[in-house]
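Each of the next two complexes has chain A plus one more chain, namely chain B in the first and chain C in the second.
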Partner chain A sequence: MNFLKPNFSLSFDPLSSFFVFVILLISVPSAVFSVGYMKNQYSGKKIALGWVLLAAFVMSMAAVVLVKDAFLFLIAWELMSLVSYFLVIFDSEHAKSIKAGVIYIIMTHIGTAFIIAAFMMIFKYAHSFDFAAMKQACAVIPAAQRDVIFLFLLIGFGTKAGIVPLHIWLPYAHPQAPSHISSIMSGVMIKTAIYGLIRFVIMILGVNTFWWGNLILILAAVSCLVGVMYALMEHDLKKLLAYHSVENIGIILLGIGASMVFSVLNMPIPAALAMAAGLYHLINHAVFKSLLFLCAGSIYKATGLRDMEKLGGLIKTMPWTAASFLVGAMGISALPPLNGFISEWLTFQALFSGALYGTGSVKILMGIYAAVLALTGGLAAACFVKAFGITFLAMPRSQAAKEAKEVAPSMIYMTGFLALMTVVLGLLASPVIKILSRVSGYVLSADVSAMSVSGFSLNNLVVMPLAGTYLSSPLIALALIVVSGVALGLVLLFYGKSKVTVDKTWGCGYYNLDSRTEYTATAFSKPFRIAFSFFYRPYHKKEKIRDSYYHVKSMKYETSITPLFKKYIYDTVISRVFGTANFLSRMQSGSIHFYIAYIFATIIVLLVFMNRF
Partner chain B sequence: MRTLIIISQTLLLIALAPLLSGVIRKIKNNIRMRKGPGILQPYYNFFKLLSKDEVISENTSWLFRAAPYVVLSSTVAALLLVPAAPFGFGMDLMGDFIVVVFLLALGRFFIALAGLDAGSAFGGMGSSREMFLSSLVEPVMLLAVFTVSINSGSTNLSAVYSAPYLRLSSLIAGVALFIAAIAETSRIPVDNQETHLELTMVHEAMVLEYSGKSLALIELASHIKQIIFFTLIANILFPAGAMLAGPALNLVLFFIKLLSICAIVAIIEVSIAKMRLFRVVDFLSFGFVISVVALLVSVMGF
Partner chain C sequence: MAVTAKRITALVNGFMLQSLFLFLMTLTAAVTSKENELYIIALLVLVLKVVLIPYFLKWIARKIKIEEGLGLYINPILSLLIVIVLSYGAYMFSRNIMGIQNRVETASFAISLSVLLTGLFIMVFRMKALAQVTGLLIMENGLFLAAVELCGNMPFFVEIAIFFDVFVFAVIIGIFVFRINELFAHIDVDKLTTLKG
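Showing the complex of A and B:
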């Protein structure tokens, strides 16, 4: 029994080190944030429990990326899932949390089951769970079985990563956890699934089939669009962020899938570039997503609200949280010169260099993926204009929002730190890419080391070796600052400081505008709801409450969208499962004679099975 | 030296930018048999606004004040990248074709936030629609950029500019980019620059709360954005050979190209009615189809 003698040593190869770095980069600020966040929110005992769970959670994630043995990997993976389940139901007094927890634990176990099955199939050849032995064995596995293993791994890790259509748990579970946990779950935990895909599919199983990468690319493109489109319709701040995780996992997988395709097509440099782009977006997403979740936590702490329609005007009462959120929003909307921009640009470049050196269909597909990425970027920017604009700008829409106070300094410092990281990862693109191309060179092994991967970056320039293209984010930042400065200087020099009259917002000459006449998040997303109605299947309900026929006292307007995946996939599956269970329950007749017959039949079937296989 | 040329070329284009709007308006008025203001009117407006006082809503925050500068600087930064005649190179070390798209997105992000900041429904509606349209424009633009870049083997704008010969797919991509430009510069049939009233309510509604210097900067940024698009189209539609003609002739050619694009835009503006907002989706989808066609044609080798 080989798997009972696991290899307990840890691996600190570039890939594992990278992931440990990301885990610590996010977990430490989130943990410090939680000091201020949990204070007065929970009882002392619960805070202690929260710390124990948090520590276990972070350690299990670190174990997932560090172990060298698939058996230990599974134990760590399961531990991570269970601990995060307990963290999702941490606010167990809410029925919503329990529901979210149930959905989460079911989905994550379905995923784990697939991973176990895949490991078993490899074990059959390797007779060991050691990564090195598994890698050797994978070379001799027949192609059809490799395909099955790949699909199992994809489903298993895809469930954890939240790729469409396996994302269903993510928008329930992530928002329900306390904010610092949402930050770690969205920022890091789903990334361990990406680690799993890279480690087991690319490094151990080895990619030599064209359609694997293509399948991942298609799923990634769908995830991008579906994630961002649902995010646009969402007005619960944390749920909106959770849907954006689906989108960003899609962007990361665009890089990784493209890398798989290119390495099969024997294009090592585009492959290394695409992998580096994916990894870059991974760390970027970890940083700005946890930043945004922590900010949402600060808002929740200050107002008790997550619904954007009741917020507003927070930029005046919570200036520091607002500034950090703005930086995060700019990062996730891929605005230069911040980090999201760099990684999306790299992804574009990877797709482009694939298109440049690929043939026919690859060219067209890469173009389409680039267009999908562009559409995603546009929609994400719209979504974050909504999220920031409605939450922080204009007038507060409720008493709680009006009375909001800036949160404790320890929380502000942590969001500030992550905001700083967002900027730093944008400005230091060149050294970061140098490091990441080392990681991607390691992942893709020998092919790349021959070609100099480090050619991606010079002093502070990002260079695309194939396309002859440069990018310098410090230069962009400099240009932005200089032009703003010159414009400001010229205006002041020639025209002086203008007299500014502060007055009411123009209300077309009618009475005063108040928060009820402001534009709402629902209204903001209306054009999208109409234009993409084929996807959203929106539902409206209008109700007029009248005093008399001539006077409408008030109006009620309700709108909701049809959750396609839940309605047409999951609800169907669930109803079928229950139907089947009901049907099978007829077997349970209560008569012992029948049960003996069942046992006998089972033995016969097993004997036949053993004999046959 | 190179940097100096780029900066002077950028300054020249900035100085020229309002003129294009004036020219378009003049052509439109001539077609409509109206007299209309002279072609220098945008400059007069700019300097007039600069010397005016500002009225600011009491609901606004620092973001409202900062937005005009972000918009202007991001647009100018994008302009720095764009190669123009007579020498035909931009600030390549800073970024490429794709960065232009991203930089324009930066300005748009802030101006849309500023639109929401005053708390009026006008601004909110404008922001919402602007973000809606631009998110649909982005794939059109990027796919056109992608195609042109595949043709010239690089996303580097100077390389695109000095592509040795003209290709059919680049022409088609230029048409797609033209459709994107109409949407991005808020021209009919997508938007109407002349009014902020209900029918259009996109860009002009978004900046409704602005006045004085801030408005001057925003309008200047819009003019610059327009010249960026026109220059890109000019260099994609008729790029080749221009470099061979020598700087002087090149410059003349460049102005002729800009003028003809202005004329086309003006003719489109007077001859088509503004579309309903949700018809614009079809218009932009059409643009997307064209850019896909451009990609296909490029893959086929034309």
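Showing the complex of A and C:
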């Protein structure tokens, strides 16, 4: 019973410390945000419950990344899943929350089952759940078993991370939780799965097979595209953000997967760079995604709405929230000089260096991944133009949006703080990369001192030989600020004195426009729906009620997209399960005698069977 | 006796007699091993299984005023034959497990196993809910016998807890039977099939 005496000590190695830092960086502002958010929305008892659950949630996440024993890891992992389940169904009076919770807990338990299976397989060799012992034992596991263990870990952690096609729970669970919880779940919790992958696959199991990294890269590329494409079609603000989590997990995994490929190909520097890029995008995504979720929470608090088609014009009534949201949207769209740009740029560098220096299929594949990432970035930008434009600009599309008021200061300060972090992580790129390269060097046990001699120099990756030598990123930022300042000055100089005319937004001089004539989110995404119709399989329905041929009395137009993964994977599985259950229910006569007879027959058969052997 | 019983009172009497033998067994074991705990357990067997539970079952049977018949799926003679075959199977099995030279262990394990199977047999092939309760109690007797004969005894607290369980079980099932009778005016388990989902 070795595993019943687990190693209770905590590890503060670079990897764990990095993750604890990310957890605290997101959880603390979200917790402060919740003070204003939960007020007047829940009863006092419920608020107290919310705090208890929040504290348990954050502590269990910290435990997940800190423990040094797989047994304790599982306990912390399950605790995290259960507490987050209770947080998803926190608004338990909505039927939707319960449904989301059920989907979430089923998916997360399937994932955990795979993780447990993988741990058991390692335990068979290690006879201990201690990380160090497991690592030693993994060297002697035969290759075929290692592959199985890897696949189990990938499915297990992939479910929590939400890689396609295991992402099904994210767009249900994240929007239903209270906003500060969605911010932690999307910002941090799904990252613990990335931690699991790094810790167990890269550090403990050890990567020595080429296709592992490639599989992760393919799944990551698919996640990127699928995530952003569904996000583009989504009009529920929080659901949109949840789909973006799928996309960003994909980007993070592009870095991690590339790093695995490079380390198999014995290219330590690109491997460390790719890993650092992945980790950088991880912290960036944590920051701007929780920022965006908190802003969505502010909007919900102010208007009670999440549907973008009913919002609009909030920039006038909620300027601070709008500003923070804009910063987050720019960050997630990877606009320089914000943080998203830096990490995506680094990921590109890693992929390009693979395309340049790799051999054979690596050359082609890396190029394709880079192209996918580029497409993803473009679509993400389009998506956030939609999200920001429809939500904050134009005229309010409903009474609730019209009457919105700016939220409490504690909420504004926290979104402001995260917006500031978005800027800071962008501008202080080179010291951050230095720290992260140390983490990635520790993970890969590679010598990265060459990378951090004089700052972070990319000279050994001659993709852009001048980058990093003449211009550091603060300098670039300074130049940008100067240029935009000059531009602003010129604009003010020429147009500043002209009279301001007040008119209706986007009116084009037309006299009687109201919010119904505005551009909608559906309309905005129409071109994409057409361009990618092979994937979306859009569905239209028109209904006209006419008096005569010339007079249409009323008209109804419906459009939606086909959820491919739900329809073709999950619905199939579910219908099979129900089919089998129906088949088996013939056995259920309902008579107690039969049930006891089943037991009786089983015992007799077992006795006879035992007699034989 | 329990197998061939056609009426509830007879079945309960069979159980009572069996429990009495169980009490004697335990008492013998206590005298030979001189363990105080075994005396207490033997006393518990006497009080609970020989007196209280049978009394309770009979009281229930009287209280709900059902007809006495158990509702047999298989007639007494055939039942007896089947149980004999089962006992033979149990003996073969225990000889396989214990080895031929350990005669005492083989015999006692075979007995407890056949008691278990007999209890199960009664549960399956008798209609009335009270028969199921008694069948389960008989099975429990078989388990208890196996524990006393093969392992000396179980830890004392486990023993006590099991006794308590059995008693509470009998009470609860009794109440259920009572309620079933009140609701449906019968306790034929067979007729409860409409309740299935």
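By definition in this document, the second predicted complex is superposed on the first by the 533 of 613 C-alpha atoms of A that agree within 3 Å, B and C clash if a C-alpha of one lies under 4 Å from a C-alpha of the other, contacts with A are read in each partner's own complex, and residues count from 1 in each chain.
Methods note: a residue touches a chain if its C-beta (ideal position, glycine included) is under 8 Å from a C-beta of that chain, and two chains touch if they have at least 3 such contacts.
Because the structure is a prediction, the values reported are computed rather than measured.
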| item | value |
| --- | --- |
| Chain A residues touched by each partner, larger count belonging to chain B or chain C | B |
| Partner chain in contact with A:A139 - chain B first, chain C second, else both or neither | neither |
| First (chain B), second (chain C), both or neither touched by A:I106 | neither |
| Chain B versus chain C as contact partner of A:I599, first or second or both or neither | second |
| Partner chain(s) touched by A:M555 [first = chain B, second = chain C, both, neither] | neither |
| Chain B versus chain C as contact partner of A:A55, first or second or both or neither | neither |
| First (chain B), second (chain C), both or neither touched by A:Q588 | second |
| Touching partner for A:V608 - first (chain B), second (chain C), both, neither | second |
| On chain A, the residue positions that both chain B and chain C contact, one per complex | none |
| Chain B-touching residues of chain A, taken from the complex the two chains share | 312-313, 315-316, 326, 330, 333-336, 341, 344-345, 348-349, 352, 355-356, 360, 363-364, 367-368, 370-375, 377-379, 381-382, 384-386, 388-390, 392-395, 461, 464, 467-472, 475-476, 479-484, 487-488, 491, 494-495, 498-507, 513, 515, 517-519, 523-528, 530-531 |
| Chain A contact footprint on chain B (complex, rising order) | 50-59, 61-63, 69-70, 72-74, 76-77, 80, 91-96, 98-99, 101-103, 105-106, 108-109, 112-113, 115-125, 127-129, 131-132, 134-139, 141-143, 146-147, 149-150, 153-156, 159, 208-209, 212-213, 217, 277-278, 281, 288, 291-292, 295-296, 298-299 |
| Residue numbers on chain A that touch chain C, as the complex places them | 588-593, 596-597, 599-600, 603-604, 607-608, 610-611 |
| List of chain C residues in touch with chain A within their complex | 73, 86, 89-90, 92-93, 96-97, 117, 120-121, 123-125, 127, 132, 189-190, 192-196 |
